[in-house]
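Letters A, B, C and D mark the chains as written, and numbering starts fresh at 1 in each.
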Amino acid sequence: MSIRYRRFLNDPSRAVAEMLEGYVAAHADLISLQDGMVVRAVPKPAGRVGLVIGNGSGHEPAMIGWVGEGLFDVNVAGPIFSSPGPSAILTGIKAADRGGGVLLLVSSHAGDIMNADLAMADAEDEGIRVEMVVLYDDIASAPKDQITERRGGAGLFFVWKMVGAAAERGDSLEECAAVARRARDRSRSLSAAIGTVAHPVSGQPLGDPDDPALSVGMGVHGEPGTRLGEDVEADQIAEHMICRLIDDAELSDGDQVALLLNNAGSVTLMELSVLYRGAVSALEKRGIEVVRSWIGPYATTLDMAGFAFAICHLDEELPALYDRPARGAGFTMIGR
Amino acid sequence: MSKVDRDLVDRDLAVRLVAAAARRVHDHQEMLSQLDAVAGDGDHGVNMSTALGEADRRSGKCDHVTAAEVFKAAGSAFHDTVGGAAGALFGAFFRAMGGGLGRSAEPGPADLVAGLEKGVARVTRVGRSEPGQKTMLDAMAPAVSAARTTREAGGTLASVLRSAAEAARDGAGATAAMRPSAGRARYASDRSLGTEDPGANTVALIFEAWADEISGGKHG
Amino acid sequence: MSIRYRRFLNDPSRAVAEMLEGYVAAHADLISLQDGMVVRAVPKPAGRVGLVIGNGSGHEPAMIGWVGEGLFDVNVAGPIFSSPGPSAILTGIKAADRGGGVLLLVSSHAGDIMNADLAMADAEDEGIRVEMVVLYDDIASAPKDQITERRGGAGLFFVWKMVGAAAERGDSLEECAAVARRARDRSRSLSAAIGTVAHPVSGQPLGDPDDPALSVGMGVHGEPGTRLGEDVEADQIAEHMICRLIDDAELSDGDQVALLLNNAGSVTLMELSVLYRGAVSALEKRGIEVVRSWIGPYATTLDMAGFAFAICHLDEELPALYDRPARGAGFTMIGR
Amino acid sequence: MSKVDRDLVDRDLAVRLVAAAARRVHDHQEMLSQLDAVAGDGDHGVNMSTALGEADRRSGKCDHVTAAEVFKAAGSAFHDTVGGAAGALFGAFFRAMGGGLGRSAEPGPADLVAGLEKGVARVTRVGRSEPGQKTMLDAMAPAVSAARTTREAGGTLASVLRSAAEAARDGAGATAAMRPSAGRARYASDRSLGTEDPGANTVALIFEAWADEISGGKHG
């Protein structure tokens, strides 16, 4: 299938550092680099809750593109596919602290949680008020009765958007953490991909590059999933995936959802649009209304030929947070 | 060196142990990454080699006067340079090991064993894991309990570390037959059947390097 | 190299129609479908100049994502890689007519110009005031003394953004056309790619999928360019391409430019950022200042592993147009 | 059919000519797309087959009473269904041809030649091109001038169209040796050396289909 080994880079071991320099230079009105971290060009007012995320690189625009007004205060970008260490996260926590406490939002991956845990312990030793919420939404990664074992996926962008809005408007640390948990518990995602990608530094493919099957539930690092037939069409894929999401989220007739379709890398907007159309029809024929839509690259895995659907079961309060303005280099919402 | 000298875990010995571990892991980094590529993301060898290389650079610094400080500095090197699961865990292991060792003014084999036990306990806590899940703990836990047994039977530092190395290697070997239930590899549990866990191999390499170093470098 | 034959579509011959449905459904607050064309959800005030573009599909978000406030009024999307016919363009002209005349902005490709020409003649017969400006910027496609033979490329987004702003603020048809020509004459682009893509309907690769070389000056439909060595690094590529642009635009020390880096499909944001960094340094070491930046997918060629640099040599008036707000499904600018 | 009947370009003949062209191009569409794939975008066969298919569907409609109307409707079918360079140009060709034919109440071969000449002129204008640039004009222009020569020598409709078909085929063949200087293919001018122009081939196919149709379908 599709794999590209040749990349437009200089020394691949410097790729993350050079990426940060280039990206920040292109968006100097919104973000800047501080100790190797992406921070807001204009910090949040004092007393507000600071939001920090540390994550492996290779998933851009996550999360370098999500720093800014109504979004994160600090993103600590680790090496490719690898969480940053506790020292770097601790530096990020300090940079985000505006006196209102700091909320660490961690996508549930073993390394990310451990490193965040260690950093949080150090931050508390230094007298900073820190809370951590571990986020998971990928229904393929563990059964529902072990929901906390699930990985983070594309559904987390709902959480990030809403917590970002809450922190920006001045919610307390506890309130922000509660928003994060509420949005998380109402979000689900499921991904699919064909082929795989090559690690830019090692050149190693993640998974089998010659496997022609569509794998549903593949992880963001190429972890394998359920294989679907080779000839399955977009509408069938969408129907299959949306059904699984509806079941897991226990949605029913009359429910309202936000629907997100994430491009994991190299899927064309033509394909995304056709898939999106299939997903809307799968939801609507079950009486579930799509009231907010996102489509595009949120968390990529380099140039993976894959995508993910995510839904957030909206309640009375979430849409207000969803609709507040946000302004990052990789995500802009004008607000309603 | 007299037996007594050799059995003192002083700053210089700690520096030598860190250096030996760094060299050994560096020499095996490709094998470790290949193991990780089977069901993980293929970076384990690079991660460990990078972190131990930095630990080695830092451990000789003049401001470290005790072995405890050297091991703590090694742990911090992991936390400052690499992330990922193993970075967090080995960093925690070395820092806790330094902490455990630090209580004694002239640490000997028993203090080392106490330090190792603190290390395992910390890994268990930070990793929210236990032996049997196909992780580094499957080499680390048997290594440390072999060290205690040997020490309680009156063993020297050399025999303590040799028994730890052998137990670690056996433990790492046994992971081949396991299905992972912790760490990234659990999402690909079938894929890793028949392959040893990379983190457990790193543990075995480190203990082997230590045993060889203490017995005058006659192995490896 | 990299080519993906399998696509996430239903019947490929319905891909464009289904794409339009899905895309518009995902962005119902901004755009809607009318006679198969993408139009603004909220039309421009009466008396303003209407902006229309017809183009082949397969280049998304161009131009379906560029309909909205401060951008186009109507986009007529043709079949994949093929201009729509004159009838469809005529319908688009009528839909965009708010009484202030209609400006047809045509990217210079033989078919696009001919079909626009024919549509314009018909529109004039129906009494609609229409002007057409043909846009070209790709320096690889013809020498400078045959500048009107050049193709349209990524530099046209500067033109579109600025004309969109002019039309929105109420400039006359002649003034809008003059802005288009001025912005065009100050813009240049150059593209590069490795490998090629497969046509979704015919399955035919455009060009040689096994050619491992980087081709500079490749057209948006895979038309071949100059081949660069296989081991060339990002900084060297950026230096080479920026030098050619500087020469062609006759830029010199002290000039100010807007810099755009277009993702032709599957280039990662990591690579784009590294390339962007190289381009900024190539410009800055010649004393040319980058005062506005765009980076991302503007005109793609499906999932081509390629990119393009574009520069616009700014004068006193253009930045004001550049900075006005714009709001399309594929491009948002909050404005300064 | 009497010679006079045969030489009248009436509505029914026009409908038959459009149908014949549509069948012929449809049968060769893959070859046409392959020619276009060499230096263009590989869609020419599909474009032409789609447009002529629609032209065929429309041409039989009752509201067309003259051959002129049938050809104009065929041209509009191109403009309504496909875009691209050839869509615009063949559309313009058929519309202008209908226009040229329309002046005569009972059009004969001379009117057909006049219509064809209008068509070529329109293509030249819309395409801002001329023969020698490796385009459809390299088949169209010689075909139309052969038609005029044959007509001026007193030729029948059949011989007029046969001579046009032969000249078109020769013209298309000659494009193999040309470098393109108009249309999309000019950006890949080396690549197309040795390959005939797709648009010129469509022209040859259409005139051949017409010549065969008028002479009773004994060819192809």
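The rule we apply is simple: a residue touches a chain if its C-beta (ideal position, glycine included) is under 8 Å from a C-beta of that chain, and two chains touch if they have at least 3 such contacts.
These figures come from a predicted structure and were not determined experimentally.
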How many hops, at fewest, get you from chain B to chain D via touching chains?
3
Could you tell me which chains make contact with chain A and chain C both?
none
Per mean C-alpha coordinates, the chain lying farthest from chain C is B
In whole angstrom, what separates the CA-based centres of chain A and chain B?
34
Computed distance of Cα centres, chain D from chain A, in Å:
56
Give me the residues of chain C that touch two or more other chains.
none
Could you say which residues in chain D touch two or more other chains, in rising order?
none
What's the contact topology between the chains, one of line, ring, star, complete, other?
line
Touching pairs of chains, which are they?
A-B, A-C, C-D
Once bound in the complex, which stretches of chain A touch chain B?
54, 56, 78-88, 109-112, 114-115, 117-118, 141, 151, 199, 201-202, 204, 206, 219, 221-224
Listed in rising order, the residues of chain C that touch chain A in the complex are 1-4, 6-11, 15-16, 18-23, 25-28, 57-58, 60-61, 65, 194-195, 200, 212, 230, 233-235, 237, 261, 265-278, 280, 293-295, 297, 300, 302-303, 305, 307, 327, 330, 332, 334
Any idea which chain D residues touch chain C in the complex?
33, 37, 41-43, 46-47, 76, 78-89, 91-92, 126-127, 182-184, 187-188, 191
